[in-house]
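Pasting the structures here.
Below are two complexes that have chain A in common, paired first with chain B and then with chain C.
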Partner chain A sequence: MHTVLTRGNAILAYTLSVSACLTFCCFLSTVFIDYRANATLNTVKVIVKNVPDYSASREKNDLGYLTFDLKTDFLHLTPLFNWNVKQLFLYLTAEYQTQNNEFNQVVVWDKIVLRGDNAALDFKNMNTKYYFWDDGKGLRGNKNITLTLSWNIIPNAGLLPSVSALGSHTFAFPSEYTTLRV
Partner chain B sequence: MLQSIFDDVRRMNKRQFLYQVLSFGMIVSSALMIWKGLMVVTGSESPIVVVLSGSMEPAFHRGDLLFLTNYQDEPVRVGEIVVFKVEGRDIPIVHRVLKLHEKGDQNNTVKFLTKGDNNSVDDRGLYAPGQLWLTHKDVVGRARGFLPYVGMVTIYMNEYPKFKYAVLACLGLYVLVHRE
Partner chain C sequence: MSAWMQYFKSIPTHMDYDGQARAEKLSRVIITLFGVVGLIWGYVIQQFSQTIYILGAGFVMAALITVPPWPMYRRKPLDWQKSQSEVTTKLKKKK
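Take a look at the complex of A and B:
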């Protein structure tokens, strides 16, 4: 009973079970790690316009426009990368309340940081990546917009936790629409 | 090799053969039980999905396996990776939620917009014509766990049906014939 087939079968089965076991150990070794970290956020320029949203309903909606400063360090101060972190998906969320909606979340900027990339971020006067459309006219004069940086951890194998930064920034939109081009 | 297998079968009596058939049935039904049990535990109609496109690269590649949950009392939030079905498309899509508006009324009306990490625009072009937002009923599940490469087997099986039948036939024969 030592044919090529049985030997091949044994090798394949053994390789598979060893790699499954190693993958599970890799998952176990990182499952309890606390991935919270600090981030400093600030808004520089904040205006709001009222223009038709052609990407959606074509109705006139509030469009927020902002530039921001962001400083965080996942490389030296709070190292987030370990052998079971393949990628961080950073995203900057604006969270607010309007008359239309009890709870709104809009991602205005995101960034993919792979392991080995420079994870010490220091942006000054950054533009947003996505349009900040509200679902209606709830941005003008809104006093309480909270910007938060969060990250979704993509492992080599394991859970996909989302973590919010410890610092957030609250700002207000002006009470008048801007009609000039920006 | 084949000769010895047939010899094995010939040497079996009726009871042994029936026993093998029953154990084969046990394997099939326990696989089904595990799948249905996972459906109950996770609340998702399809608790494990295989990533079929590169639209979430470099996080998820083709052939990676995702474990989903779909608990109704946990609200969807921005940044989560949801698996959703669109009317008129058979294959569910795995993308990230980027905008969310929650009415906060009794029905708990939530609408959200998704985008693939590797796509440059949001998913409105992928939704059904006239559909601007996703709601809870479109969602199959939310990604909670990740295992790379393992789903490649099913992709090969779907792309080469002959390979699938060969694998199934081999497994079936092995279980029927193998004696412990």
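Take a look at the complex of A and C:
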């Protein structure tokens, strides 16, 4: 502590240590919070086509096409944003079972909600963002497709929790392929 | 020109031992205090960035108060012995 430089170095190092300690306190204050919230899902239009997937092979695979309603709980999703949350990454997953695979998961839609954005989402008749391809012919007539909303919480510091919404929606694909354009 | 140099060299830039200890203690107290206050305020308004800004203000304040060798850190100089000119001259003569 005998020169300007050593004193400057000492207080800078101490400030950084304190900031690390404060960040850890911030993490501790949010680590036990239950981030689950309600979401209401519904499908509006559901059709299935059998078309070649040129991005993978030229074989014809099942392509699901759906539009959905999504409503997140206003009273419960808004307090998700505390001082250790920068943004939410919401994604909509379709889960189903086929003869090929015991368990399939396809992400059909996602959205980033920044802190400060309106977190009370209410979408009607939304299109999916990504293609709902099956890796075979497992979608036609499939009676048990479950849509689930999940989200990652992107924090300032700490864990990156992945939370599933309370509430999912199960729907069935029609038993006939659609050949017309939609 | 040399007069200016003499003037600059006459400005004391040291801290005594007691001043160094007090400067260190004071800087720790200031930064810790701002950190704690920032943590509480950030928690109250749920903005962690405010916590960091307040800690930064504490850093600036500690830097202003304890980094420059202010005169208040020079109040307890060591009692050096008077220089013993005779002894040194005798030693030199022996050589």
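One rule holds in what follows: the second predicted complex is superposed on the first by the 176 of 182 C-alpha atoms of A that agree within 3 Å, B and C clash if a C-alpha of one lies under 4 Å from a C-alpha of the other, contacts with A are read in each partner's own complex, and residues count from 1 in each chain.
Convention: a residue touches a chain if its C-beta (ideal position, glycine included) is under 8 Å from a C-beta of that chain, and two chains touch if they have at least 3 such contacts.
Keep in mind the model is a prediction, meaning the values are calculated, not measured.
Residue contacts after overlaying the shared chain place A:V51 against neither chain B nor chain C. When both complexes are overlaid on chain A, the residue A:W83 reaches chain C alone and has no touch with chain B.
Contacts of A:A13 after superposition on the shared chain: neither chain B nor chain C is touched. Legend: residue contacts after superposition of the two complexes on their common chain; A:C21 is shown touching chain C, with no touch to chain B.
Legend: residue contacts after superposition of the two complexes on their common chain; A:H2 is shown touching chain C, with no touch to chain B.
In the superposed model, A:N156 lies in contact with both chain B and chain C. In the superposed pair of complexes, A:V31 makes contact with neither chain B nor chain C. Once the two structures are superposed, chain B and chain C can be ranked by residues of chain A touched, with B on top. Chain A residues in contact with chain B (one complex) as well as with chain C (other complex) are 23, 156. Only residues 3, 5, 23, 55-57, 86-87, 89, 91, 93, 100-107, 110, 112, 114, 130, 133, 135, 150, 152, 154-160, 162 of chain A touch chain B when the two sit together in their complex. Note for the complex: chain C touches chain A at residues 13-15, 20-21, 23-24, 27-28, 31-32, 35, 38-39, 42-43, 46-48, 51-52, 55-56, 58-59, 62-63, 66-69. Residues of chain B touching chain A in their complex: 1, 58-60, 77-81, 96, 98-105, 111, 117, 122, 124, 132, 143-148.
Residues of chain A touching chain C in their complex: 1-2, 4, 7-8, 10-12, 14-15, 18-19, 21-23, 25-26, 29, 81-84, 156.
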